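Take a look at these structures.
Below are two complexes that have chain A in common, paired first with chain B and then with chain C.
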Partner chain A sequence: MALNASKTLSGVDYQIPRNVLALLMLAQVVVVLPHVAQLSPWIVGVCLFCGYWRAMVYQGRWAYPPGFVKALLVIAAVAGTALSGKGAFSVETASSLLVLAFALKLIEMKTRRDAYLVIFLSYFVIATEFLFSQSMGVAIYEVLACVMVTAAMIGLNQLQTNVRPLASLRLAGALLGQALPLTLVLFLFFPRIAPLWNVPLASGATSGISDRVTPGDIADLAQSDEIAFRVVFDGAVPQPEDMYWRGVVYNEFSEGTWSEGKPGRRVRSDLLVPEHDRGEAISYRVLQEPTFASYLFALATPVVADRNIELRSNFTLLADNPLMSMMHYDVKSYPDFRRELGQERPRLASMPVGDDNPRVREWAARVGRETGSPSEFADRILDEIRNRFVYTLKPPRLPRENSIDAFWFDTSTGFCSHFAGAFVYMMRAAGYEARMVGGYQGGEQNPISKHVVVRQYDAHAWAEVWTQGSGWVRVDPTAAVAPERIRRGLNAALTEEDRSSLSAFTNARLGGYGGIDELMFMFDSVQHGWNMWVVGYDTDLQMEYLTGLFGERPSAMQIGIAILLGGLGSLAVAGVVLFLRRPARPRDPLVNAFFRFAGAAEARGLVREPWESPMAFVRRVSVHHQLPQNDVDAAIAGLEQQLYAGQPKSTADNGAKARKALLRTLRRLRWRTTLRA
Partner chain B sequence: MNPKTAKITPSSNSITTPDAASAVSGAVTGVGSHSPAAIKGMLAPALERLDGILLGKRHAIELSLTCMLAKGHLLIEDLPGMGKTLLSHALAKVLGLDYQRIQFTSDVLPADIIGVSIFDKDTGSFRFVEGPVFSQLVLADEINRATPKSQSALLEAMEERQVTVDGVRMALPAPFFVIATQNPTTQLGTFALPESQLDRFLMRIELGYPDPAAERELLQGGDRRRLLDDLDCVLDQAALQTLQNATAKVVVSDQLVEYVQRLVHFTRTDPKFAIGLSPRGALALVGAARAWALVHGRSHVVPEDVQAVLPSVVEHRLRGASDFAGHGGAALSQRLLASVDVV
Partner chain C sequence: MSAQPQSGQERVKAAPKPRQPEKRGAGGIASQFGSWLDRRIPPEARVLLTQRNIFIFPTRTAVAFAVLLLLLMMGAINYQNSLIYGVAFLLGSLFLVTILHTFRNLSGLTLELLDSRPGYVGDDIEFNLRISRGAGKARHGIQVGWPQSIKQWVEMQDQDVVAVKLFSTGRERGWYNPGRLLVETRYPLGLLRAWTWVDLNARALVYPKPEFTELPDPVQGQRDDGQLVDHQGSDDFSALRDYQPGDPVKHILWRRYARSDDLVLKEYSGFVEPRAWFEYERASGNVEQRLSILTGWVLQAKQRDQEFGLRLPGRVIEPGLGEAHAAIALEALALFGTSD
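Let's turn to the complex of A and B:
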């Protein structure tokens, strides 16, 4: 320490004051906390260690690290980040690096300037958290973190003898509160600029429906009550049994697993779904939670205008990029449109059923011959399912080989993907075109904001069969065994045993415990509002809103003016608030009259200084405007008499007299200046 | 006029025209048994004589007289040779008070101020020999050159108007005033007065350099000391008593109390102030404003009276938040006056 001290210019080693240091470090913890989910554990360790080191430095037990140690630490940090990032430079790597630098800064935080650097970095770290999540909870948390950091900055500007953390927090809150109107204006009007460069987001684990299904997967999804997406319908909401949200089409089957195979080709929607054949449309907006996959979900035969979304030849939608954050898209679905084989035909024709499951193949071939048409054959299968099978979320495990044989003849229990898989397999074995479709079925309408919520436990698999003349027709074998599942959701189809395997929270949601339900709907509609109007407020919605506001598509100039006016407006709001919050004083009529006089004089160019007594001000104004001596003297004498000479209240008429004299002077003032004008 | 107060404080005479003033004074019955005009008349010769001794310092003279009327002790701070001692002597003579001067040095002891018991061989008992503090007006010259121990010997005397020697309390004569002078604390060989002691002084005034006209007159005129000897007493003790009683009866309206409260509140809440005004400070402000109003022939206090005395009354009680030791306060009192609304 002594060595350090002699190095500084002033000869005195500046110590960041104790309270400020504590506030700063607390702010750092608050800021880094939400990042912890994305960080490798060792980085968290480094952060904690740096904090400990800084605390030790403050206590004078440890020294600041010498230069070469710092250099080593930085090199190690960069190398460590590169190693754990596996060479790829993604946003997660970048934020890890940022957090590391932020933590290392702690152990060289000596001067006031360093402290400011840490504060500005804190704001930056706060901003980066929004790359990972834009939910309402995170937004609220980060606003509070902003208050915290601002309070630390305020603390830094207080005298060392006079650091008051609570007062700083209050002040910081007030400062941010004052910034709110301007924030709103900028949020509404400021153009959403496309990023100048793109850092790829690291691929997290995808959630929800995936590109391959082994019967059993969807049962895992049933454990989760997370929201898959929300839907806002323009018109009436379809019946739950009609809401089949198609996501993935599974064409290939091997070793007990259905997979997408080669994804369908991208097709222009006006060619695949010609306009004259479309029929009635259902339009809606889907607000999809991030899945880290590209699948989008829509009712049958969707058409999307968004250029970032492709329509595939198998009538599914695919986003150009995996969904790293909330995405919303507007869809028009045509349920009556007849979907034809088209370019899919050659692919389906070459699809072998494989050579396992001999018993099922034999059965299908036999029954297929007996029935003769795809619809009759399908009915036979469904009859079989209806009579012999049991729906449960906990079926016995199936072997990898000949899994459908085992399901069909031995276990006879399963859930949607078992039924759908077996159905498609048998259709194909009998020589008909069929495929499995994965997605969600049903959804729950929020009674408050009227949108439909589709949760992971609504995940479902069903089949589509192609027949001459009708095109692709949806067949849901699950509907045969557990019709309640389709009409009334998962809950209705669950057995007691199934239910015991689900979490208490999911059960609460499924079970409909009166009050909790209502609360959850409320919470959901608030979140939905946030997604719709805050996260979903992108360039399109902004244009829509601004066009509504201006009556036409606004020019850059108009937006600029709007921002300027909005900024001034928000200043005015702050001004009005300050004006309203000034201490209220009970004023007697004479004082009120004086303030009227002062206001009039001010309008005529003479501003009253705060220290100027009423008498002195009236005198000054009268001299300046050459008001008649008599009235002025009477007014001044009256003011002094009433306000300061302590007249007993019984002579109240005296006050009225003084007031009259003052108002007469005021009239003179108005008259005189009007004449001159 | 004190250059520091000249910026804001308007000369209180200019507010009301003679007509208006008489209209006011005509309406009230006067202060006690004397009308304001009569009181002004009583004070006029004293002011005139003091003005003739200390040239061009009318404001300082009025302030010091105000301080006397408000029964407060006065601290005069300035560089050596600015007329501090002269003013104190002149005040004592004009007011007809018996006075003693204590020249403070670093080796003055409390006994040198209060007095000492000595053994009388004739009577065979101890006899108390009164120190210089036993007089109506004590001039404590260069008080900050004494050590804190001796400085604090004056404390009890100033506040309680009595001294205790060997366990015996002895009352000091009435009236009792202390006029202390001090050099700026930045000068060599000084001990800054602590807050508690500064607080005992009702006012602290500074004299400042005379203006050129006054200085010319000073250089051309005779010896100031000799003029001092020729000074006659124009206010006897009875008159002083009357004036002090009248001061206490000067009217302070609700409106004015609110103004004083706003001033005090501002010093306690504004971040530029390290310490706010104490209730004693607020009382001192009102008391001094009363006396100032009386000196200017008013039977009630107007805001200008408060503003006129405010720098002298509060500056030595305030400390800037960025100032760890000093009691400069001139900028603070200007800020105070400029920020607080009169009505």
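Let's turn to the complex of A and C:
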């Protein structure tokens, strides 16, 4: 036991207990760690500096920093963030500021109030991490971080000398465990609300396919085995060579870079894709990882019913807002639908090819005249590619000017975007309508949960050519130079040299090392389930699920009752732990009998004093209530032996006798007092 | 009421005696609250904390926590992020569960006033409490104390019973009742405060503040048996005599023994002063000043082991010696003129 005088809980003389402080600092490290990937190195430096200073204060070597140092640090931090954010206030900027505030608070954390501020900031930083990753691993990590932060909070409410960090951690775990039933019910039932304001903070960095392509970009994507999206097909999964996930259409070319140009207009899908001549449909659900961009991916000629997704006149899908978190959408694709030019025609026709790349333009004009039709001309180009070119992840650098000339006549090696770009350029130079399309090609089917996984290294670029009668037709020049890439994925098309440039993990993923494969598929299945049911649990899925559960659209009343039940569930778990669980202290039957006796005596006004031995107490009670002496003597003798003889086994018989005597005395006591009453 | 001196220590056993309802200002919310509290948690020497007498309410920290939850919900809604929803829900549920934990931290405790130690006006009067938890979980971060006095932290991890010393300043002489005792806890998270106001019938005797002045001259002619000589006293050297077993060893003249092997005792005589009578009339000033002076005299007499008697209007304490006698005299001074 420890008793200290201390003024008040919130008084100025309160000192954060040392081991709570240690726990809190550790929790801060744990909380900030996942953010390090998003932070500029200098912010990490500030964190380390503040942490070091605080550790020195903790050890009593340094003092807290003086006011002007703190002021300088704050100004420097804000200025630094503004500079490295390049003026735009993005999610990264916000997260940087948060982490900086966190680090700076560390060096002036003295009072209980400061500690609480740091704790609440910690919870906030934990939540912010989910803006960057929502994987199951991160979620588990953050739950553990929550346990640490909560443990620090527990320590703040204990006597300073009595804080036991391990016990606090255990209790924090128990508290969060007991909170789980209600959390689950709230998660399932709490109505999901539409965004309050329309434009959330965007992220500075998008991932995956972007709105402009310089040949070589996609080769960079091939370095990454991150998942772009997963697809669950309703029916059979199409062949890999048929899975061209269209994302962005690139119309403009200048200085070696393809860009979207003026984005296609939004069109109602029933106008663009009339119901009557759609043909056979492929139905699937796409679970798109956050890209911080608006592009969505679908097989050719998609139709979606989602109000937040638009179909543009170039037949690509676009989300209303950048994808800050997982998104899922249901698509019906009609591969046989003939896509016409529509309103695109005047724009494409007037699109100048430019006056660079003179050699290629001259070549295209000449060969175009020789062939006479777009399909014949395209075949000539593909023949050329098939015969003269090499497919590689690491092509030589091309000059900014006349890059296609250099590629076509000099280097003759390239990646998908080189081929697609050159192809489209030459088609246009010959006077035909053509465009480049960016997206993903192929995908790997998970044998366990049957969904298709598309990764960043499946990124691809190809071309579309418009021909009279057939509409937009897909032409993939890469298929000419590396047909394996299309049929069996990137791995099949890679050279040894390419492979050595990839990370070991990507190689492992690509190479298929026996048992690891199995494990990876398993892991992916779990992750997929997590994405489907937890990360992707949005308004639609909630409605779907709840309607299934209640058999109809649930009323507010039903939701209220469900949440109430969840709350009761949490309280019941906590209650069982708190009130029902008795200490696991097996008591001797005789000792138990004594406590029953003591309880009865206490109820009749005789309280055992702290200095009173059990024997003395029994004696006093018996004298006071005039209980029969022989039983009392037997009970006292038995108790004495039980408590002090130290050989409970050999005295088991005596113990039983004494217990009986004591219980008889207890009955007598009850009887006496009842009579008297 | 009489104090029960225990082995020289003056301790007042807490008597479970029904107290007269305190005088409270007529009407007013405070007094209404007071009488409601008296009905709800009646004064008793021993109080078991249950849902009947424990109050619980969110703290100011909980308001900040609510703001945090609100911000998290806004983030979750705007970014349509399921996992941020999850964090908000988890923390909200945590709050709910904490209600039970905070309540449980007080519930089942038994508070009992053991005794108090008398003091003087202006002193911190000591009260001894016993808090027991019965079976069940450990208790943490409980604060016990009267408002405006120093609070004590109570933690019960391995022990079932703790003793707590509380102090409260006695401002007036007589029986002092420090009022309702505040027992509160914010454990485990500081988001909720569970508290109770218990009245343990705490009372302690507060003596007048002593004022030390010259002892009054012995009163002549009252009784003529003064000038006692105590041969075993130790004030002044009077004679030498042979040692007899039982004599104090420190009075042996060791120098003599070293020379002659004779054990010779130096004999001292203590002259005890005549019995003093401390009289209310002979102290000067108003009532309280007089009582203070009398208290000072009693204390000095006790210190010098002087026999004294006390004469107050309406009460005479015959001369006597010792701690117990002094305690009776002090109690009479403390209670002088009060209804008790």
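Methods note: the second predicted complex is superposed on the first by the 414 of 677 C-alpha atoms of A that agree within 3 Å, B and C clash if a C-alpha of one lies under 4 Å from a C-alpha of the other, contacts with A are read in each partner's own complex, and residues count from 1 in each chain.
Just so we're on the same page, contacts are C-beta pairs under 8 Å (C-beta built on N, C-alpha and C of every residue); 3 or more make two chains touch, one makes a residue touch a chain.
Note that the structure is a prediction, hence the values are computed from the model and not measured.
Asks: Regarding the shared-chain residue A:Phe594, is it in contact with chain B (first), chain C (second), both, or neither?
Replies: Touch partner of A:Phe594: chain B, not chain C.
Asks: Figure out whether A:Glu252 sits in contact with chain B (first) or chain C (second), or with both, or with neither.
Replies: Touch partners of A:Glu252: none, neither chain B nor chain C.
Asks: Who contacts more of chain A, chain B or chain C?
Replies: C
Asks: One more residue to check, A:Asp330. First (chain B), second (chain C), both or neither?
Replies: The answer is neither, since A:Asp330 touches no partner chain.
Asks: Looking at A:Gln178 after the superposition, I want to know if it touches chain B, chain C, both of them or none. Which is it: first, second, both, neither?
Replies: Only chain C is touched by A:Gln178; chain B is not.
Asks: Going by the contact rule set out at the top, does A:Pro610 touch chain B (first), chain C (second), both, or neither?
Replies: Both: A:Pro610 reaches chain B and chain C.
Asks: Can A:Glu484 be said to touch chain B (first), chain C (second), both, or neither?
Replies: It touches nothing on chain B or chain C.
Asks: Overlap of the chain B and chain C footprints on chain A, residue-wise?
Replies: Chain A residues touching both partners: 159, 162, 610.
Asks: Under the stated contact criterion, what part of chain B meets chain A in this complex?
Replies: 8, 10, 15-17, 19-20, 23-24, 27-28, 251-256, 299-304, 307, 321-322, 337-343
Asks: Of all residues in chain A, which touch chain C in the complex?
Replies: Contacts found on chain A: 1-9, 116, 120, 123-124, 126-128, 130-131, 134, 139, 142-143, 146, 150, 153-154, 156-159, 162, 171, 175-176, 178-183, 186-187, 190, 192-197, 200, 324-327, 534-538, 567, 570-571, 574-575, 578-579, 582-583, 607, 610.
Asks: Provide the residue numbers of chain A that touch chain B in the complex, in ascending order.
Replies: Spelled out, the residues of chain A in touch with chain B are 159, 162, 591, 594-595, 609-616, 619, 633, 636-637, 640-641, 643-646.
Asks: Tell me, which parts of chain C touch chain A in their complex?
Replies: Per the stated touch rule, the residues are 46, 61, 64-65, 68, 71-72, 74-94, 96-98, 100-101, 104, 130, 135-137, 140-141, 143, 150-157, 159, 161-165, 185-190.
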